[in-house]
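Each of the next two complexes has chain A plus one other chain: chain B in the first, chain C in the second.
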Partner chain A sequence: MPHDLNLAVLVSIGQHPKSGRARRAEQDARAVELGLKLVGERLELLHAGEAQQEVLRSYLGMGLKEMTLLEQPSAGDAVPALGRYLAQKRPDIVLTGVRAESGEASGMTPYLLGEALGWPVVTRIADIIKVENGEAEVLQALPRGQRRALKVRLPFVASVDLAAETPRQSAYGPGRRARIDNASVDAQQDQLRSQWQEAPARKRPKRLKVAKAKTAADRFKAATAKSQASGGQVLQNESAQEQAQALFKLLVEEGVLR
Partner chain B sequence: MSDLIRRDPRQEWIARNRLHPQHAELIAPAAETRGPSGLIRRNPHAVGFIGPNGIKRIDRLAGNGPQLGQRRGGAKAAAEVQLPLITVVTPDFYVVAVMDMVGGRLTGHDKDVLGQAHKLVRESDGEGAVVAVVFGESKEEAFDKAGVDRLIHLEGEAYAGYSPEARLTALSVIESQLKPRYWLFPDSINGGNELGCRLAAKLGERPATQAWQVDSSTAVCRGGSQRIDITRDTPRLLLLAEECADPIDETRHEVLPIELDTMPGTLVRIEDRGQVAVDPNQIPLAEAEFILSAGNGIHDWDQFHKAAEVLGATEGASRVAVDDGFMPRFRQVGATGTWVTARVYVAVGISGAIQHLQGIGQCDKVVAINTDAGCDMVKRADLSLIGDSQEILAELIQLVEQHRQGGAEDAA
Partner chain C sequence: MILDGLLPVLITMALALLVIGAVRRINLWRAGQPESVSLIAGLMAMPRRYLVDLHHVVGRDKYMSNTHVATGGGFVLSLALIVLVHLFGLDSKILAWALLAATALMFVGALFVYKRRQNPPARLSKGPWMRLPKSLLVFAVTFFIVTLPVAGVLPEDFGGWVLAVILLIGIAYGLGEMLFGMTWGGPMKHAFAGALHLAFHRRPERFGGGRSTGLKPVDLGAEVLGVAKPSDFKWNQLLGFDACVQCGRCEAVCPAFAAGQPLNPKKLIQDMVVGLAGGSDAKYAGSPYPGREVGQAKGGPTQVITEGLVNPETLWSCTTCRACVEECPMMIEHVDAIVDMRRFLTMEKGNTPNKGAETLDNLIATDNPNGFDPGGRMNWAADQNLKVMADVKETDVLFWVSDGAFDMRSQRILRAFVKLLKAADVDFAVLGDEERDSGDVARRLGDDATFQSLAKRNIAVLNRYKFNRIVTTDPHAFHCLKNEYKDFGGDYEVLHHTTFINELVKAGMLKLDMYKGGTVTYHDPCYLGRYNGEYDSPRELLNELGIELAEMERSGFRSRCCGGGGGAPITDIPGERRIADMRMEDVKATGAELVAVGCQQCTAMLEGVVEPRPEVKDIAEIVAESLVEEVH
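Let's turn to the complex of A and B:
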């Protein structure tokens, strides 16, 4: 790792999915963990929002002495303030979560920052393996537990997936003693959002299986019939070798054999 | 003739008396008669016919059942109904839906998004066409039945693997060429969310994310941690949740290809270094893409584990294999085990009890290796190999090892 690597992690106020209590956001905490692994204490922690947030201390309790707070009302739009601050500071890597745990949770923050700064955006990373010659080797988390290796030019924005290493525990005392620096910004109102209506989530109706049968007999069959031979290919008299060949062909066609 | 209705008591008496020798003659033709008051009267005793074994048969299928006396092939062809073809000749506007295409096929989520696209077209005035954008190789054959009026298929080196920058360029070209009224993406982890967010950031649109109830005026979206619903005006760019609308299933569409203008070059700053090998047994069973599952028909367990390793498949098991202590409990597939979602599920020596079949309901391709051609797993499977599992696995291991070595030699 180069010694002068600058890394900023954007953290938000999380929310427990059941109780709704404010907490350390899971993905953001993983981003902090990854940052700590890469640059240790030199990591710059950044939050745009209200000042009185005890939750921020739980990020600091992971082993950091200070963080920067861009103070603005919590309903405001965080992206312009963050964009301006980052354009001025120019870190090499900006880490964020994939989606916030409260509010709109659109997951647009990394993309908007990338667009504003003109940097590439890498999504859902699980790890940063090394940073060398102005390039980073990144491991991206794919669905179904797969991983993909990527190479990105610095500087870039990356969102950290839940597949990244689990965050360390937060120590209460050091978190209390850490310093929160206020950087003043001119807060921007989120005009559009103030026109939206928010309500507790309604239960979504389950999709019913509609039998489109024309007659009672067909409907009865649709409701009770066991799965029938649906034209699947059966190889009965072929030799074991031919059968294995057929299976092999299917596996290659489906692209599961790597 | 007068229109006085005359009754014939003798005829009525015969009609009432089922034992009368003339009863059948009198009753048979008249299933529907005009009654004394002029109303149509149906005689339930008169319907149906006497079957070959002398028992009365009533055909309640009203001609919808399979026709007797026809050849089987003919009956099958008749059963496959031609859905009506919907054509859009000169569309007034376009609704563009970008597809995930996991494994080269439309996912259920993709089809929901296409259904939503048609819903938006129906609600707008003017004639609109639904355009599906597909990147990379496609194995899908039923675009027409999924509701694709126009298809933009972008294939080639530039779009292979992880290529968000090239794909974004293509979407920008589509934006300037078609000026779509709506952009729809599946809000999924298979790339739809990412591409949608990238395009939204580029166009400066504020997207609706996790939208699950959308019409042309308002969209209802799930907020953070699935705890709130946000009701807002429908924006131009929507990231749709699963089951946002019903998929198209009663019409066929044209699937006309659209040619794009020449692509500008893309500055590629993210380079794809390919997928990294992960230990398949570290992947949670419910998420695994390729499962080799063992049942009571496995006798050589070392060989089975070797096969799974060579194939790079995650191991699964039926309950019997677990109960007998050959596999750990967390490998059990089925009603009381894990419900798996694999794209390819190979069941070796598993009979296919209903409790097991429930667990593999969401699998795409099922392969059965079994000695019994009549078992339920063979009925469910897309490919069944009837024979001894030990022999077939041995051949398969050999084939794959040859393939691997051949690949290595080619690479060298």
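Let's turn to the complex of A and C:
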């Protein structure tokens, strides 16, 4: 691992599914764990949100001396502040969770940041094997325990999947003593969100699960086998023009573009 | 006699070395953290603590207590008289005869020490301790002989040069062991450190028949939480470690040691001594931690204990059953020390083994160790129509349900107890969803921050309501509520359900049939018995049912742990046997068909033993089965 590798991890306020209490978010904690593995204490921990959230200390308790807080009002939009801060700091890798456990939880943060910074986004990674010559070897988590090895140029944004290494225990003492530094950023109201109306979620009817497998061997296969892609088309030797044309056609067919 | 001139010089030298050693030793203890004790009152109380409280423990082994009275008493008396007769040269026949008697007494005691050391049990340390009876004999014999002329039994010029030289060697050897060794780390160190340990004990409440078992709270604002280095212990804890006589009674009763887990309370205390004095454990001559070699451990007062001196697995093997503390004739507090070091591992290092971290996270996020929905605490009682404190605000008896509410086996105990409460027409209510884990497991796992958070929130809830007493079926919650909430402003009258049911039966509130099963034995839960001294109520209650208990060899204050305390099932340190299996062997040895228990953890542990085995039932269940229900 290069000694000058700079790594920022974005952490959010998690929410326990049973009690609804604030906690260390599971995916974000895995991102911190991965960051600690790569660069140890040099990792920059970042949170954009309201001040005075004690639960942030549970990330610090994993062995960090300080973190940066980009203070935002409760209805603030975290992305512009994060984007500006990261553009200025220019870390090599930015790690996030896949999706927040509370709030909007749209899972859009890594994409919006990638767009704002103009960096590639790697989704659902399980591990970063090594970083060498400005390139990272990344393992992406796929369903059923499968992994896809990728090589990604620095800098990039990656979201960390639950398949990553489980986070270490958070220790109370170091977490309590660690510093939370306020970085001055302009707070930006989330205009879109302020127009939304919130309502409790409706329970959606569940699709009945029909077991098609007749034998134990079938069930085993269904649980473990690689899902077969069908109807795909590999465009490798065509010109960029033709490739774009094919993509456009597919998007129209699927009703994504109208 | 020829020695007349030399003797005072030798004695003065030995006493001087004793004092220098004492100052050095005291400075080692002073490396610890300050803890205020009352110096004068402690020293004044010391003789009584020694003669009454300590001998009460030593007296469980009559052979040893008589031996110690003779040897120790003889020695103290001899030393005082030696100073008068041989140092100050008081020419008194009476004093000389008294000295003769004292050395004779010591000699007789030392003979019994010698006899026991001929074939010592495995729990005793060997090494320098094997030399001690000989030293005692030499000291007694030589001073007996040199006193004979003073007493006028022998002529002043008795003996020649040969005898004088022999006596001289004897005196030097005896004084060396008894005075020099006392403060320079020999076996006699126990007398010096032990006496001061009794005077400045960290839990003075334990003397005079009292009880002090609640853990001391951590100052969460401190620079380092828990004990990292020997110098992080309170100074009188260090003093306590130094008082160890290596008798190994703790080792003989330790369930983890018997199970082959890497813990031996005696070795642990000796490692603490290595830590406070600096050095290695190479000279340790007792049983090792099972499966670990002796001689590898190194430490010093300012070196982190778990990095080279004690393996963390040793600390996590403890079930906090307190058998070692109960058995220790020096009244050393092993469990306090273990939990202090666990606190460092958990709160500073974030290194609680196995399921520890998950359990603590659950306690923080859901107030119960298994991460169940805190809003589902009353689900077990959906059909019980219980009064909830939030509605009634006031009640006679507050029933503390504990986390057993989430466990299907424990729910049967809760239901049985509710049945009895209803049959006796008790005015009771529960906290419902406002109840939280008592914090027992968090605290024993070293997470005092979470314990304190749970305790404070529980106390805030409890203080909102009016009730006379709290009753609980869980001895761990019982202990926390009764003994450990006081430090945070929660002072309640708390009863264990066996005590309460016994009261109801005695008051004629419950009509009971005779028990119609086979032989029954009773397993004392550690947190009910040793922690809180409740041995009688469960037994009286079972007697009321016409049960003649077939007592296990290890019952009452010597009860063997089920293996379920101190978070041991969560940290799950591997051993050669399971503690619960060993306890079930104890049960089987009585020929009992049923083992009565008063704790849901014990029930879970003992029922986890593979069948065929005796049945396991909580006393509430046994009583509820014998209840004569009136038909209206």
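A few comments on the model shown:
We adopt the following convention: the second predicted complex is superposed on the first by the 205 of 258 C-alpha atoms of A that agree within 3 Å, B and C clash if a C-alpha of one lies under 4 Å from a C-alpha of the other, contacts with A are read in each partner's own complex, and residues count from 1 in each chain.
As a working rule, contacts are C-beta pairs under 8 Å (C-beta built on N, C-alpha and C of every residue); 3 or more make two chains touch, one makes a residue touch a chain.
Everything numeric in this text was worked out from a predicted model, so none of it was measured.
Touch criterion met: A:Arg168 reaches chain C, while chain B stays clear of it.
Shared-chain residue A:Gly61: touches chain C; no touch with chain B.
After overlaying the two complexes on the shared chain, residue contacts for A:Arg153 are found with chain B alone; chain C is out of touch. In the superposition on chain A, contact is made by A:Val256 with chain B only, not with chain C. Looking at the shared chain after the overlay, A:Gln241 reaches chain B, while chain C stays out of its contact range. In the superposition on chain A, contact is made by A:Ala105 with chain B only, not with chain C. Contacts of A:Leu208 after superposition: neither chain B nor chain C is touched. With both complexes placed on chain A, chain A has more residues touched by B than by the other of chain B and chain C. Within the superposed three-chain model, A:Arg176 lies in touch with chain C and out of touch with chain B [touch as defined at top]. Looking at chain A, you'll find residues 16 touch chain B in one structure and chain C in the other.
On the chain C side of its complex with chain A, the touching residues are 220, 224-225, 346-352, 356-357, 360-361, 364-367, 371-375, 447, 449-450.
Residue ranges of chain B in contact with chain A, taken from their complex: 60-62, 64-65, 103-104, 161-162, 164-165, 189-190, 193-194, 197-198, 200-202, 206-207, 209-210, 212, 221-233, 243, 246, 249-250, 269-278, 282-284, 287-290, 311-313, 343-344, 346, 357, 364-365, 367, 369, 373, 376, 378-388, 391-392, 394-396, 398-400, 403. Across the complex, chain A meets chain C through its residues 16, 18-19, 21, 23-24, 61-63, 168-174, 176.
Remark: chain A residues 15-17, 20, 99-108, 111-112, 114-115, 120-124, 137, 139-140, 142-153, 156, 192, 195-202, 204, 207, 212, 214-218, 226-230, 232-236, 240-241, 243-248, 250-251, 254-258 touch chain B in the complex.
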